[in-house]
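Next come two complexes built around chain A: one with chain B, the other with chain C.
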Partner chain A sequence: MSFLRSPRAIPYLLLLPSIVVIAAVVLIPLIVSLWSSFTPYVLTRPATLFQFVGWRNYLRIVSSTDFWWAFGRTLLFVTVALNLELVFGLGLALLVNKVTMGQKTIRTVMMFPMMFSPILVGFQFKYIFNDAVGLMNNALFSLGLITQPIPWLVDGVLANASILAAEIWMSTSIFAILLLAGLLALPKDPIEAAKVDGCNPIQVFRHITLPFLMPFIYIAMTIRSLDVARAYDMVRIMTNGGPAGRTELLWTLMARVGYQNSQMGMANAMGYVSILTSILFTVYFYRKLVAARRYMGGAE
Partner chain B sequence: MAILCVPGLWVVLTAFRPNVEIMARPPVWIPQDLNLDNFRGIFGLLPQQQQGLPVIEYFRNSIVISVTSTAIAIIVGMAGGYAFARFRFRGKQALFVSFMLSRTVPGIALSLPLFIVWSRLGLIDTSFGLIVVYLAINVPFTIWLTDGFFRQIPVDLSEAAQIDGCTRWQAFWKIEFPLARSGLASAAIFAFLTSWNEYALASQLTRTTASKTMPVGLMDFTAQFTVDWTGMSAMAVLIIIPALILTFIVQKHLIAGLTFGGVK
Partner chain C sequence: MASYQGLKTLFLACCALGGLAGAAQADNFDYGKFPGYTLKVKLIGGTQYEKLYTRIPEWEKLTGAKVEIVSSKNHFDLDREIKQDIASGSITWCVGSNHTSFAPQYGDLYIDLKQEVPADVLAEYVPGTLKASEVDGRLVQLPRVTDVSNIYYNKDVYENADIKAKYKEKFGVDLAPPKTFDEFKQQAIFLASPPNRYGTAFAGKDEGLTGRFMEIVRANGGDMFDKNWKPIFNSPEGVAALQWFVDLYKAKAVPAGTVNYTWDDIGQAFAAGQLAVDLDWPGWAAFFNDPKTSKIAGHVGLATAPVGTSGKRGGWSGSHSFSVTQDCDNKKAGVSFAVFMTNDESELLEARAGNLPTRTKVFDDVVKEFKDSGNTYMADMFTAWRASLADARTPPLVPQWIEVSNVIWPQLQAAIVGEKTPQEALDKAAADATQIMQDAGLLKQ
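Now for the complex of A and B:
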C-alpha cells in the first residue's frame, strides 16, 4: 500500500486505465485466439474450444493455395498502394504549399476524403465502377470511347485495379496532410541559401526539402501501415473477394473462413499471420523513422 | 483537386436525384429533378411506403458510441501521454512499444477473438461493448500524440507554478492543459472519426437496432444482387455531415497538432 502513495507510483497510476482497457480488448482476446488457433473451434459447438490439435490449422493454411494467393496479393496491394499514395500525397502537398490564396479552403477540401468511412468509400466506388449505372462507364460512353460496358468489378484484373483506385483515393489525403505539416515546418533559411548559391528548384527539392521531409514520410508510412487492414471494409463491399477469389486479401479470406464457414480456429490461425504481416510493415517503417530522425539530429 | 472531390460529390448528388434519372440510358449528366425524396424514403415518410429504416436509432447509436468513447479515450490517453512525457519509470520503453503494437492488430483480425470473448461476457449487441472496443483502439494513438505535445511544453513552466504554491495537479490543470489543448483537439478528431467510421468490428459485434451504427446500417441497402443506390447515397450524406462539420471546426488545430505532436 505504501508503494501506491509514493511518488514512484504516479506514472503507473496514470497509465493504469490505458493498460486495463488494452489488456481487456486486445491482449485477452489475442490470447484466446492464440489458444483457439490450436483447436478445431466451431462457434456452434463450444466444446471444440477445448480440443487441442497442435499445428494442424497452421499446416492446413500453409498448404492452401487460396491462402498463399491472398497473402501475396495482400503484400502486393499494400506495397503498391503505399507507394502510389506517397507519390500522389507528396505532389498534392507541394502543390497546396505553393498556393498562396485560399489555402485554408484548399486544405479543408484536401481533407474531404479523410472524412469518408472506408465502408462508404467501398459503396461509393462500387457505384462509380458499376457496369450499368456507374459514373466511369457513363463517362466513357459519353466520350464515345467504348460501345460495350466495361465490367470493372467482374473482371479479375480490373477489379483489383478498381479496389486500388478506391484505396488510393481514400488515403492520399492522409499523406498529403502529414507532408504538408512537414512542409509548413520547413525552415526557410537553407532554401534561401541554396538559391543564392545557384541551385535550381529540382536541386533544392532533392537536397533540402526531401531530406527534411523524410521523417514526415516515414511517420505517414507508419500511421498508414497501422491501418492497412482498413482495405477490408472496401473489398468486402466492392467485390467481397470475388470474382472467384481473385480479389481476396488475407483479411477477407479470414472473415469468410471464420464467420461464413464458422471455422474459428482456422481463421484465428490466419489472423495471426495477418497480424504478423501488419507488425512487420509497422516495425520496418518505424525503424526507418528512427534512423531518419537520427540523421536529421546529426545534420543540425 | 477535382479528382479528390468528384467521387464524393457524385454520391452526394445522387442522394438528391430520383431513381429513374440514375438508371436512365443514355445517362443524364445534368440533374433535372433535385428533391429530398430519397431522404424521406429512408425515414419512411413517403406515402407509398409503410416503413423506413431505423436510421434514427442507428444515428443515435453512432453518436452515443463515438462521443463517449472519444471523451474517455482523451482522458485516459492524456493521463498516459502525460506519464510518458514527464516521468521516468521502469519498463517505460517496453510499455510504450507494446501500446503501439496493440494498434497494429488489424480490426478484422481482432474481431474474431473479440467476438468469442464478448459473446461469453454477454457484450455482443450492446453499446457498452463497442465503446470499450473503440476506447482501446483510440487510446494508443492519443497517448502518442499527447506525449509529443507535453514534451513540447517546457517543464520549467509547471515547476515555476509549483514553486509559487500550486500542487502538481493545479499546475497541470492551469498551465500545461491549456497549452496542450490544440493537440488534444486533433487527437479527439482522429478518435471520433475512427469510431464514427469503423465497420469491421461493428459489423460483427452488433446485431440489432440496440447497437448497430451508421456504417453497419448502410448494409441494409444491399439485397442479394441489387443495391438501392439512391437510398444508400442519402444515408451516406447523413454519415458524412457530422464528420464534415467537426473536421471543419477543428481543421485549424489539425495540422498544428500533427506538426508538433507526433513528429518531434
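Now for the complex of A and C:
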C-alpha cells in the first residue's frame, strides 16, 4: 500500500491502463488459446473447453504427416517468397531511384498492388491461372505455344508457383518502397568518394549501397516474414490448400481444422507451433538487423 | 398512359392482397400476431435464395412483427458464424437458415418443431424430406427446398448425327443419356474433345466431392459407415467408386482444374456449352435454359440419375431449411416465420425458379402451372426430379459428418491426381475417419 503512494509507483500507475488493455486484447486470448490447445475443444460443444487432455493434440500434430508437409511447405513458401520479393523489390527500388522525373507518380503506382485485398488478388490470379477460361492458357493457345491446357492450379509445382506469383505481385512493392526509403536516405559523400577512388558501379553497390541498405532489408524481411507466414486469404481462394494438399499451408490447414471441423483445440495447438516458428524467424532477422547496424556504425 | 399504369398497379395490388388473404385463409396454420416485435434472423444469402425473402414483408404485414436480417451469407460462412455464436454463447437471434448436412453439428441449438407445429401442417411436407430434417428424433428444421442430382445433357452433342454414328460404330449401341455410372464414364470419355468440350466435370473438393463419392459408393451397394459407425468406404464398392473419378480424370474427359471446381464452376461450364453431360442439382434447370445466362438454352436434355453396379441410385440428397433457436425470446414468432417461409405459396415461388419444393401439393401445382404455360422443359424437369427423390438419401446424420468429409476429400483428390492408388487413399481416409468416430465416442476403440 505504501508503495502505491510512493513516487516510485507513478510510472507503474501511469502504465496501468495500457497494461490492462494489452492484457484484455492480447494476453487473455493468448492464454485461453494456449489452454484450449490442451483440450479437445470443439466449437459447437463449449463444455469440451474444460476437458484437459494434456499433450494429446501436440502428440497428434507431431505424428501427423499432413501437418509436417504443411509446415515444410510453409517454410519453403516463406523463404522463396521473401527472397524473390527482396530481389525484385531491390531491383525496382534501384530503378526508381534513378528516375529523375515523375518519381512520386511512379512510387504511387508501385503501391497499387498493396492496396488490393488479398482475397481480390486471389480471385484475380485464380482467373488468370484457370485451366479452362484463364488468361494465361488463352494467351498461350493464341500464340500457338500449347495444344492442351496447362493445369496451373492443379500440378504440384505449378500450383505453388502460381500462388507465389500472386504473393510476389502483391507484396514486392512493400520491399521496393522500404528499400527506396533507404536509398533516398543514403548519404551521397561515401558514394562520391568511392567513385573518386575509382570504384565501378557494381563495386559501389556491393561495398557502399548494399551494406547501408541491410538494416532496411532486415526490417522488411521481419515484417514480411510474419505476413507471408500468415498467407491465408489468397491460398484459400486460389486452391484452398489443394488439390490433394499440394498447396496446403499451415494457415489453410488450421482454418479447416478450427472452423470447418470445429476442432479449435487442435487448431490452436497448430497455431502455437506456427507462432514459435514465426518467433524464430523474427529473432533471426533481428539478430541480422543488429549485426548490420553495428557494421554500419563501424563496430565491426 | 400514366393513369393506365396507375390503374394497372392498383389492380395488381388488389390481386396481391386478395391472394394474400386467400392464402392466409387457405392455410391451416395460425401465424399469430406479434405487433411491435422484431424477429432477428440469420439467413443464407445468394441469388437463388434471396427471391424467397421478398415474401418477408407479407409475413410482417400478416403478423405485425418486423424482421431484422442479422446475417446474410453463403452457407459455409454462415455455418462458421453459427459455430462461433455457439462457442461464445451469443445466440441473440431466433431463426437461422439450416441444411440437412449441417444440422447435426449444432447439438441442442434449435427447438423440436414437432412440439410447435401442428401435426396436420407437418403432414403437408414430403414425408421423407421431413424425416431427414430430424436429428435424434427431434425435428430441428422445416425444409424449404430439396436437392437431389439428375442428368442434364447437351442435345447439340447427343443429337449430332455424326457423333451418334461414331458412338454406335464404337460401342454398338445408340447414344442416349447414360443409365449407369459406367455408361456415364464411357460417354464422358468418348464425347470429350478438349479444350473445346469436355465429357463432364465434377465438384473436386469439399463436401461436393465427398458427397458425389458417397453417392456412387451407395449406388454400387456399399456405404460410408456400418451400423456401429465403423467407416467402411474403403470397401471394394468404395474403390470402384473412386476409380470412376480416376478414370475420367486420367482420360482427360474432365477439365484438369475440376479438382478445384465447386458447383458454380461446373454449372457455368455446362451453360457455356463446354460439357456434354452434367450430373447436377435442380436449382440450375432454369439457369441452363435461359438464353440470357446459357449458350445452350433450348438444347438441354433431362434424365434421371444413373444407377451403380448394384442397380440402385445413390440418391445423395439434402434440404435447405429454417430452424428456430432454443434461446429465441419469442419462439411462436420464430415458428410462424419458419412455417410461412415454407408454406405452399413460398414453395411455389421457389419452385418456379426450378427448386424442388418440400410440400407434396406444390409438386403437382408447379407441374400444372408449367404445362399450362407451355413450358414443357420445366414440367419435365419436376417429373424427372420427383422420380429421383424416391431414392433420396442424406449423408449420415451425425455431427461428425463434415469433419469426416474433410478427411475424405483430400484423399480422394490424391487418388484422382495420381499420387496414391484408390485403395491407399481410402485406407488412409478410413483410418482418419475411424479416429474421429472414436474421439466422438460413437465407435468403441
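Quick notes
Basically, the second predicted complex is superposed on the first by the 274 of 300 C-alpha atoms of A that agree within 3 Å, B and C clash if a C-alpha of one lies under 4 Å from a C-alpha of the other, contacts with A are read in each partner's own complex, and residues count from 1 in each chain.
To be clear about the criterion, a residue touches a chain if its C-beta (ideal position, glycine included) is under 8 Å from a C-beta of that chain, and two chains touch if they have at least 3 such contacts.
Computed from a prediction, not measured in an experiment: that's the story for all the values here.
In the superposition on chain A, contact is made by A:T44 with chain C only, not with chain B.
Applying the stated contact rule after C-alpha superposition, one finds that A:I22 touches chain B and leaves chain C untouched. Once the two structures are superposed, chain B and chain C can be ranked by residues of chain A touched, with B on top. Looking at the shared chain after the overlay, A:F141 reaches both chain B and chain C. Of the two partner chains, chain B and chain C are each touched by A:Y259.
Within the superposed three-chain model, A:S274 lies in touch with chain B and out of touch with chain C [touch as defined at top]. Touch criterion not met for A:A161: it reaches neither chain B nor chain C. In the superposition on chain A, chain A positions 43, 130, 132, 141, 259, 264 are in contact with chain B in one complex as well as with chain C in the other.
Chain C contributes residues 76, 80, 83-84, 86-87, 89, 105-107, 109, 194-195, 204-206, 252, 255-257, 259-260, 269, 274, 399, 402-403, 406, 410-411, 413-414, 416-417, 419, 439 to its touches with chain A in the complex. Per the touch definition, chain B reaches chain A in the complex via residues 1, 3-8, 10-11, 14, 22-23, 26-27, 29, 76-77, 79-80, 82-84, 86-87, 89, 92, 95, 99-114, 116-117, 132-133, 135-137, 139-140, 143, 193, 196-200, 204, 214-215, 218, 227, 229, 232-233, 236, 239-240, 243-244, 247-248, 251-252, 254-255, 258-259, 262-263. Interface residues of chain A facing chain B in the complex, by the touch rule stated above, are 8, 10-12, 14-15, 17-19, 21-22, 24-30, 32-33, 36, 41, 43, 104, 106-120, 123-128, 130, 132-133, 135, 138, 141-142, 169, 172-173, 177-178, 180-182, 184-185, 215-216, 219, 225-230, 232-233, 236, 251, 254-255, 258-259, 264, 267-268, 271-272, 274-275, 278-279, 282, 286. Across the complex, chain A meets chain C through its residues 40, 43-46, 66, 130-132, 137, 141, 148-149, 151, 153-154, 239-240, 242-246, 256, 259-264.
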